[in-house]
C-alpha cells in the first residue's frame, strides 16, 4: 500500500485477490442454479460440452416442502424480531436509565453472556425445551420440535447482544428530554413508550434487521431441536437435501440456496451502510 | 407559589453536589441561581423539580414538604438549555403533550395551545416539525410547553445559553415580561451574571455546592458578603490586594509593598474594627481611572502604573497594568488612547472599596 | 375483618385522608412513604427487565445448572426411560483418559490460534488498513464484499466451499490449479487439505468482524496526526507502525480476546463441512465433540451426560475468559450512573 502508484496497485491487487474465493463461490451458486450440471464454474450439457442451461432446478418452487420451510423460517425470524425487540428495548431502557439494586450485576452478566457463545448450553436447553413441551395447552407450541421452541431459544441467544445494543442507543438520548417528559406528567412507562422509543427508532431498525437475518439463517438451533421436515426451516431443509442418502442434485441444491438468500440479497443491496454498522455495533455497546 | 429550601443537600457517593442550601422564594418572585459550572445550581434546581432525590433537607411548596412528590405532581413547568423538545412530534404535539397526558378534552387543548403559542409568537408554526425551527423558535416552543399547563412554578435551566447574543437579549426581555404578567414564581439557573442581574428580583450566588449569597442584584454588586461573590459578580472581575490598614494623621490608609491609598473614613473604620493584621482589599476595574491631563492628580489616591496589556472591548479598553509587580485590571474610555509600555498615573475611587477577611473570605464590611 | 377487607379499608381511608388534605391545603398529591417510593421504583425497573430476566433464567441459568448436574450422571438416550443415576466424577475420568483427548485438545488449540492469528486478527487488520488507505467508496465496496460470508446462511456458505473443494470433475479449485496443495484432483476438505478448508471457511467469516471494528477505529484517528507525520517525512509503513497501530491497540486486544472465545465455543461450520472428519477426529474440536457426543447418533446413542461433561469444561473455560475480558476492558467503568432518580 502507500500513496505511490505501485502502492495503489498492490492495494487493489491484494483486495481483489482476497475476495476471489467469495466471488467464485457466489458465481458458482448463480451459474449452478441454471445449469444441468457444472464442471468447476462451467455449465456442462449431456454431451460434456459447455452449455445445458435450464430452469429445471427451480421446479422445487412447486413443491409444498419448500413453502412450509420458508414459512417456518419466516415465523422464526419474525418471532425473533418481535421477541428480541420487546425484551431488548424494555431491558435496555431499564439498564440505561434506572437506578435499582442489582443493576451493576445485571449489566456485567449481560456483557459476559454477550461475549460467551451459548452453543455449549444447547445440550441442557434440550431438556428445558422438553419440559416446556409438557406445559398444558401451550406446551406443543413452545417445546421440543416446535417452531415456537426454536424461536424462543434463538431469542434468548440473541438477547444479550440486543440488550447491550439498545442500552447503547438509550444512553445517547439526552436526559433533559426524559426529564421534560416526566415534568410534563408522564410516568416511566409512558416516557419509554411515547418519548424514548421514537428516539431509538434507528436502533430498533438495526436490531430488527440483525435479528431477522440471524433468524432467517438459523441452522444449528433448529437442526438440533427439530425432527423431520414438518418443522424444518430453510437451512435445515437445504441440509436435508444435501445429506440425503440418494445422489445429491447439486444444481437443485444451489437453486434452493439462492432462493433462501433472496431476502438477504435485498437487504444487502438496500441497507449496506446499516449492515456494516450493526455488525460492529453490538460488540461495543454503541 | 412560595418555595422554601431548608438545608437542602445532595451527595453521590461522597461527592457533594449541594450543601445545605437554605433560601426562600416569595410568591411571584423571580430568583436566579448564579454560579460557575459545577457549583450545584442545576443540582438544586433538579431537586426542586423532583428529578433528583435530596440526600438531606426539605423542599416546601406553599409550606408543604414536597420531597417525596413525583415531578408530574409538583405543578411545575421547566425549560431546558437543550430545549428538550420531542423531535418526533410537531410544535402542536410538543406544546399539547402535558395536556394530552392529563386527558384534557380536545377542544380545550386546541384553545389553550393556540393561546400559548400566540403569546409566544409561534401561533402559525404549530404544524411544523421541530427540526424545521430555528433555535429561538425552539426555545419558544419549549417555553410554551412549560406554560401551557399553567404551572405555579417555572424552572429555567440555562435556557438562553444555546442562542446567539442578539436573540438572547430579546428572549431575556420576553421571559421576564411573561413571568411578570403571569405572576408565576420562577427559578432561573444561569452562569451569565448579566442575565441574572437584569432579570432576577433576587440572586442566589453559589459555589462549590454552597450558597454564597442571596440578595437583590444591586446589593450583590455594592455590598458583596464574600470574596467569591465580589469576584464573581461584576465584569471584568474585581481586583484584590493584600493590604494592611494604617491610621496616620487622622487618616486611614491601605498599605502594602507598592500600594498606599487613602481610604474613606466610614469603610476604613469598619474594616479596622475587624482587628485583622492583613485584609484583602477589593477595587473594581471601573473604579480606577487614568489621570486626565486637565485634572490634577488627587493626592493619596494616585499610583503610577505600567501598561502591560490593552484589550479593546469596543467602547472601552480593558488594561492590564502593574504597579511595582502588583497586577490589576483597569477599565478606561477608548478615547484615552492607552498603549502598551506607557507609564500612567491611576486614580482610585475608593468610595466603594471592599474588605475581606483573608481566612474566612467573608466581608468585614457587610454581614 | 379479613385481611383483604382490612387492606381495602386502609386504602380507602388513606385515599380519603389524602384528598381531604389536598382539598384543605391545595397541596400537590402526597405519596405514602419514602420506602414505598423506592420499592415502587425498583419494581418498575424490574418490570421493564421482566421479559429479559425470564429468558435469561430459562435459557442461560437453568441450563447452566442443568449442565453441571448432567455431567455427574449417566443419562443417555439408551437409559432415558430407565432410572438414571449419579456416577460421581466418572464422566470426567472418562473424558481425560479418552484416547482421542490429546488429539482433540491439540486440534482445538491449533484451530483457534491459527484462525485467530491469520484471519480474525491478521487479515482483518490488513483489510482494515488497506481499505482505509484507498478512496472511501472503493474501500467501502471491498468491505461490503467481505461482509457477504457473514450474511450468508451457514448451510449455503458451506455448500459453496464444498463445491470449491470438491473432487474432479466438480471442484472449482481442481479445475483451475489442481497441482498446488497436492490434491491432484481429489476432494480437498475431506481429503487433501481438511484443515486448510476448516480454517478458510471460519476465517472468511471471522475476518470481517475485526475488519469492521478496526476500520472504525482507524477512521476515528484525526487526519491531522497522519498529515503531521507525513510532513515529518514518515513513510506509509512508519505511519502504520508508529501512529495507527498504537492508536488501535485496544480494539486489537478486544478482537483478540473476543474472537478467541468465539472460536473456542463455536463449531457450526466444522459440523457442516467435515463433521470432524475425514477419518477419526482429524478436524474435531472440543466444542464439536461435546455436541456430537450429546446429539449425533454417531455412536448409536446420544450420550447427553458425557456430552454435557465435555461442554461444562469448555463453559468453565469460556466463562473465566469472558469474565477476564470484561475486567480487562473495564466495561463496567463505561457504565454511566442514571441521572434521574425516581422519587
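Order of writing sets the chain letters: A, B and C. Residues in each chain are counted from 1.
We adopt the following convention: contacts are C-beta pairs under 8 Å (C-beta built on N, C-alpha and C of every residue); 3 or more make two chains touch, one makes a residue touch a chain.
Just so it is clear, the structure is predicted and the values come from calculations on it, not from any experiment.
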The chain pair with the larger count of contacting C-beta pairs, comparing A-B against B-C, is A-B
Of all chains, the one whose CA centroid lies most distant from that of chain A is B
Per the C-alpha centroid definition, the whole-Å distance linking chain A and chain C comes out as 14
Chain-centre distance (mean CA atoms) for chain B and chain C, in whole Å, is 54
For chain C, residue numbers touching 2 or more other chains are 337, 339-341
Note: chain B residues in touch with at least two other chains are 50-51, 70-71, 74
Touching at least 2 other chains, the residues of chain A are 179, 182
In the complex, the residues of chain C that touch chain B are 25-31, 33-34, 37, 337, 339-341, 343
Touching chain A in the complex, chain C uses residues 41-42, 44-53, 55-56, 58-60, 62-64, 66-67, 70, 123, 126-127, 129-131, 133-134, 140, 142-157, 159-161, 163-164, 169-172, 174-176, 200, 204, 208-209, 212-213, 216, 235-237, 254, 257-258, 261-262, 264-268, 271-272, 287, 290-291, 294-295, 304, 307-308, 311, 314-315, 318-319, 321-323, 325-326, 331-332, 334-342
In the complex, the residues of chain A that touch chain B are 174, 176-177, 179-187, 190, 195, 198-199
Chain B contacts chain A in the complex at 46, 49-51, 70-72, 74, 76-78, 80-82, 84-88, 97-98, 101-102, 142, 145, 149, 157
Contacts from chain A onto chain C in the complex sit at residues 1-3, 7-8, 11-12, 14-15, 18-19, 21-26, 28-29, 32, 38-42, 83, 86-88, 90-91, 93-101, 103-104, 106-109, 111-113, 115-128, 132, 152-153, 155-157, 159, 163, 171, 175, 178-179, 182, 188-189, 192, 213, 216-217, 219-220, 224, 234-236, 238-239, 242, 250, 253-254, 257-258, 260-261, 264, 267-268, 272, 275-276, 279-280, 283-285
